[in-house]
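You will see chain A twice below: alongside chain B first, and alongside chain C after that.
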Partner chain A sequence: MVKKMFRWLKKNHSPDKLKNLPELIRNLQDSGDFLHHESKQQDSSFFIYYFKTLVHETELNDHILPYLVEKPIKTLEEIPERVPIPGVIISNDLKEICEKVMRGFVIIRLNANAKECALIPSQVKKARAVTQPEVEFTVVGSKEAFVESLDTNIHLVRKRLPVHELKAYELTIGKLTNTKVVVLYLDGIANEENVNTVKQRLEDIKVDQIVDSSVLMQLITDDRNSPFPQLIDTERPDRVTSVLCEGKVVVLSDGSPQALIGPTTLVEFFSAFEDYFVNWIVASSARLIRIFAILFSILVTPVYVATLTYHYELIPKDLLGTLVSSRQRIPLPPILEAIFLELSIELLREAGARLPTKVGQTIGIVGGIVIGTASVEAGLTSNVLLIIVALSALASFTTPVYRMSNTIRLTRFPFLLFAHLWGLLGVTVCFSFLIAHLLKLKSLGRPFLEPLYPLRVQDLKDAIIRFPLKFQNKRPIHLQSEDTVRFTPVTKKEKNDFHE
Partner chain B sequence: MKRRVCMIVCMFFLTSCVQKSILDDIQMVTIIGYDLPESDEEEGQTKGVAVAPQYEADGRIENNVFVQTAELSKEIRSQYNSESPKPFVSGKLQVALFSQDIAETEGIMKLVDTLQRDPSIGSRVFLGISGTDVETLLTTNYGNVDTGTYIHDTLSHNSRHGMLPETNLHDFLYNYYSVGDDPFLPLVVLDEDKVKITGIALFKGDKMVDSINAKNLFTFKVLHQKFSSNDSFTVKLDEEEHAAIYNIASKRNINLKMVNRNKIVLHGKVLGVIKEYSGEKLTPAKLKNIETKMEKDIEKTGMDMINKFQDLNIDPLGIGSAVRSVTRGDFHEEDWEKRYPDMDITFQMDVTITESGVIE
Partner chain C sequence: MAGPEVKDQYKVSPFLVFYLVHSVQVGVGVMGFQRISAKAAGNDAWISVLAAGLSLNVIIFLIYKIMMKEKGDLISLHQNLFGKWLGGCLSLIAIGYFIAMAITVLRTYIEVVQVWMFPDLNKWIFGTVLLFLVYYCLSGGFRVVAGIAFFGVVLPFYLVLTMVFPLFYGQFRDLLPFFNHSFMEMYEGAKGASLSYLGFTTLFMYLPFIKDAEKSHRWAQGGHLLTVLIYTLVMITTIAFFSTEQLDKTIWATLTTWKIAEMPFVQRFEYIGIASWALVILPNICITVWAAGRGIRRLSRISQQNATIPILIVVLISSGVFARRESIDLLNQYTSKLGFYFVYVYVPFLFVVQYIKSKVGRSG
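Showing the complex of A and B:
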């Protein structure tokens, strides 16, 4: 019975099962927004069908219909000649007709039983205007961010890269959503293998819906069971442009304001795009601070737990009094104390993320302070740990890629567990597990920990320290670019204007 | 996969193999003192005094003093546990004090041994000899500080910037075990409600044989090692006129060229600054005068000291070790010990005053 119903559903919905055009039209008329209209003239008439929610009606009335009614239409072939809009096609392929009408084409038929029709494009392009980037906001630099419209997004990239080498390979993914996905790369610069890997993986996807590029990311990523993201997503067209020039491959998906970048390395997750906008010394110090923050964020609470549970010898004698007296009234062992605080910080963050406005975050922070102070006063946690946990949470937010900061915060928990079980030895063991895992990771088949392992000294120029731009004249080795040289730096002797 | 599961299961089963010592559930001894027992029937035993600070939530620090007598020092510890609400741990030990009695009669190596054998005790623990009764010294309240830290800091800043040479567990053991070297430890006494360093206790083997007064520590330090500190030396030119010279840097050299003829020359070099002068005017001639006077003074105390060392046949300056380092082939300890008291050791001092203050 159920099977039968499904068959019936399939029969009605798939254009393959419909026999001819009139049947398709009858099927489409089940929807209320599918309009049909007959235009009768002296000796000829035509039928016009479209989805009013997909078609730009003013355009249809002003720029298409006048051309159709000025003279009687004899054959369908006249239509492309008369209507001054590119893209008008004549088809009798039911599948194509169905697809086009669902994308906002207008069907024109000369009689009610004709099996052939003309399709005139008149899509309504409703999209959000290009706005400021919200996730990757930078003080200096471009204030444009990607939007949900694929065409706009490609436009944003193309206007920054006006070269014919910029290729946009388009494909449709998703049995139901039919999402347009575009692979952007610079021909002759991007490694062909990388491009093919991306194309291949995208083509192999068999799902019914792609609603966002994040879904796509999970489907084409190398190791799906890793908490570490292996592709960077960005909403900045300038970042996309920059990585394209480096020789990376970018995937854009319709309906998503995030572009995926690959192949990437771990250090790139800790480099903000703003690093390229400021002087290399400032940028490098920012990167060092970020790397310190990451290590701090992962390790500080576990080290606290380990030290207080096992290694009291390690505590400096001047700190001993502070630590002991802060823990004097606390009934919980360090691990429970730490988990309690870590969980409450996670709760606050999660609640803050779910609250609709930015006010939510403020409330979250205020709540954090209130809860924190109260739990210290109630003797549930020590104020030292409160500071440590708050700082480590803060430190985790310094990661420029949002996805990574989630991972960092998650990584802390196994460390905590190991610290409680084995003390600092456990922390070391857990750290080696982490390193082993990172060593195993790949991004589009390229090593994820590069340039640290495999050690490639040349690529270190833009890793932990960002060297001056004149040193960035070669493309990173790990991208295996077809054209390794970016530019040849010109060294000119500068005029000395000091009168000595 | 099987291996991974196995590993994780093992991890959880192995957790109880590690001993937990949660910071606020342990009694951390910061200073320990050893003394001879008071009554005669406990003869052959050792009295141990341990101080463990208790940090209160309101910032007060209370020093819990535990006194027990037993034969072995680890035995003392298990007795401490019987009267303490929390287990004793020794990982935060900062100072170990020995009473002068115990150091002179029984020797301290038996007690130092337990310190060096315990892996949780660091080798930077300070050792010291107490001139006053250990129990009185350790039960005294020195204000809102933990007694261990208080005495540790007193010793520590004096050996870093002051008159004391470096003397921690490591140094003691090094000097004790190395051939041609004898250990020395700081000597402290209770001065009303403060701990005062009165000098250095000199050891022969692990027994204290003599001491150097704090007045002469400047000379001892010049003789012993290269250093720079804020220590001062007062030169008395006559009854009215004296100058305080602060040491900037000092150096010692041992001239061993004539060691075969039983002659050793020690060279000391001091760079100094005059910080206080009671006379009228400081002329270059006067400076020269002060320099020579200081050289004479140090040479004299130095020579007295060296002669005393030779009489006692101890070598805290490490001359034997210096000789050993330039001796080809075998260096026989017994031989050297026989030769050492009769060595002709001379001490030459060279003082340079570089500054004499801003007023001129």
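Showing the complex of A and C:
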């Protein structure tokens, strides 16, 4: 087993197999975009090799080559002095050379058989321009979102946090993709144990490719068999800045416009970043609506199935009339009716997500209006249930974190089955399972249900209700920050004639 | 045999003892303790309930006195006081008592569901699912058990509000005259109410899991006082709502009072109440099974995981065996009696033995 792994490792690391530099260059010349040419002068000549797809050719021609040809080169050591670019190195380490040339360095050799070469950085930096956030768009607040380039992303954070305490620990993950991953944290504020947990988990990853930070998220999360996300991902640099100041740890991965935040708690999945941009009363009421929406989204269809299957007596006379008249033509039992509708909503959502935006809208109209009305008229579903299912689908979309809203919709199905099995009792049993599961979850080793359990009254200031900013003067307890005080609030009260 | 010490990372904060004590007390008892208590004490039953509750505050005080001296759990206490063999036997009896409590709670709850909601509920399937849920909770360690206790108190707490409805129809003059029963009648009433107070003896097992166990004393007393308060209020409402003859024939008085609760969108509130009650029952079974499993783990080399599965199977099978109303009533009576003597006789006895032993040990 170990031997097998070892062989695999050897196979992929070609520099180990190649003996010397000329052999490496011959190997690289298999690719069509690997260029080389010889510069001949009176008494000295040099060879230059690079990948034209990785190297900024204008920069090479304008800012590097002129310095190399102005005087004949005697030794390699002259090159770093001549070329006014930082990061020029001289190396004979095949592994290093290979790695650098794959990252856009230019190889300079003095003769065709030399084992040593100079490496000049001249990477082409092609990146999408910083655009508006699309998933986490807010009406007020910054309109910048992360892009695929790691350097740009770090820049976006650094310009918001111009302090030397902001550390960016860099490591490379993935045997093939060699993806750069950066752990951002504020030294002296973030809990060292949290930072080390993240670093340790990242270092323990053994995979060949990291294509996105979402993959990283699945690899470093605490419980991989839970449908609940245990780290928040965000595309907003301002949100990242804000959580860094709280003392959290952020992971950025090259090629991914999404940053991972941890440790986190369940209530944070239901707080939008916009909550901090508006007055605390408005923000708190929005949060309460969201929490109501989530409970509504999970429980309402199961409760409908439970009452209509087993507990007709529960419904008062007048309300029962409405329900019965809407259901009298329906040949299906409530559970099938509910599953039929829930599945068709899921179908619409999935189809909408896979299609281009414009077609997606059409699908929404066709599916939502045409199928909905038609199925009621055909007597397949009752219109009361149609309202309930549509509302609960709508409610699930109020969750600010996209990943969570998927989980919420999935959670509904076991509830439905339990409701059909034992009515309201089944709903409670399923709810108990949910609570037990949430109690077991951890985010980077910290309890996931905090501040509800373990109950920490101080952390409730930014949980279900967002208290005014002057109360947010202490860092959350669950982060175990090295520096718990954020600021000392200054309170000045304006007085009028009434107080005199 | 594993020692009573617990790693710091598994400990929970002292204030959770409030929920652990309260949630293990409030279980199936509160659904129908009124009849048993009022059989002897009549309209003074609420005084019996209150007196029984307050007397238990003293017992909790004694438990803390014993445990603070022992710095361990019931198993190590037994061993220190009575030696390996006798102590081990007593520990086994205590474990049996915890298991009996779990059986009583599960069986009684299934009975309530069968009578009030689903007459043809398959007790084996439902019991299996519920006990699987218990196992799922226990597998998270004591932290999760304490969490279930916390949510088992907080989430169904709204049910207390439903006690308002019978108040509208109650005849509070039924409570008068006070003290028109003899002391012995009141004592019988108190004895009848004791099943609903039992369970806090599991303190003996989980105290090592509490950070600064000494600080948790007031929380334990507080949790118990909340139970006393709720029971007394429920008893007063029940006496006001039912006539004595009617109460004598009402097995689950609390559930019957729910029947009159009426809201614009809900009739027959007892369906919701009984369903929510699953959340109250869960910590009950969790804590007792946990205590039994912990006891076996401490007595032998078996890990708690391997001890818990057989316990759950025993609970399932024995609760399934009790099929008739009379046998369930008998089960309740016996557990009640056992618990009564455990609390009022055995705990003071332990206290005295420990006291004498410490005196003798010091002089000798």
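Here is the rule we use: the second predicted complex is superposed on the first by the 474 of 500 C-alpha atoms of A that agree within 3 Å, B and C clash if a C-alpha of one lies under 4 Å from a C-alpha of the other, contacts with A are read in each partner's own complex, and residues count from 1 in each chain.
Everything that follows uses one rule, which is that a residue touches a chain if its C-beta (ideal position, glycine included) is under 8 Å from a C-beta of that chain, and two chains touch if they have at least 3 such contacts.
Model, not experiment: these values are computed from the prediction.
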Practice task
Kindly classify A:341 by the partners it touches after superposition: chain B alone (first), chain C alone (second), both, or neither?
Solution key: neither
Exercise for the section: Determine, under the contact definition given at the top, whether A:321 touches first (chain B), second (chain C), both, or neither. Expected result: first
Exercise for the section: Mind working out whether A:310 is in touch with chain B, chain C, both or neither, as first, second, both or neither? Expected result: both
Practice task
Kindly classify A:333 by the partners it touches after superposition: chain B alone (first), chain C alone (second), both, or neither?
Solution key: first
Practice task
Look at A:145 in the shared chain and tell me whether it touches chain B only, chain C only, both, or neither; answer first, second, both or neither.
Solution key: neither
Exercise for the section: Quick one: classify A:97 as touching chain B (first), chain C (second), both or neither. Expected result: neither
Practice task
Classify the contacts of A:428 with the two partner chains as first (chain B alone), second (chain C alone), both, or neither.
Solution key: second
Handout entry: Contacts of A:439 with chain B and chain C, given as first, second, both or neither
Key = second
Problem - Common interface residues of chain A - those touching chain B in one complex and chain C in the other - result: 310, 313, 315, 317, 422-423
Completion exercise
Within the complex, chain A is touched by chain B residues 11-12, 14-15, 18-24, 26, 28, 30, 53, 55-59, 61, 89, 91-92, 94, 120, 122, 146, 149, 152
Practice task
Going by the contact rule at the top, pick out the chain C residues touching chain A in the complex.
Solution key: 12-13, 15-16, 113, 117-118, 121, 126, 129-130, 133, 136-137, 139-140, 143-144, 147-148, 150-151, 155, 262, 264-268, 271-272, 274-276, 278-279, 282
Completion exercise
chain A residues touching chain B in their complex are 307-310, 312-313, 315, 317-318, 320-321, 323-330, 333-334, 421-423
Completion exercise
Per the touch rule above, chain A residues touching chain C in the complex are 310-311, 313-317, 319, 422-425, 427-429, 431-433, 435-437, 439-440, 449, 453-455
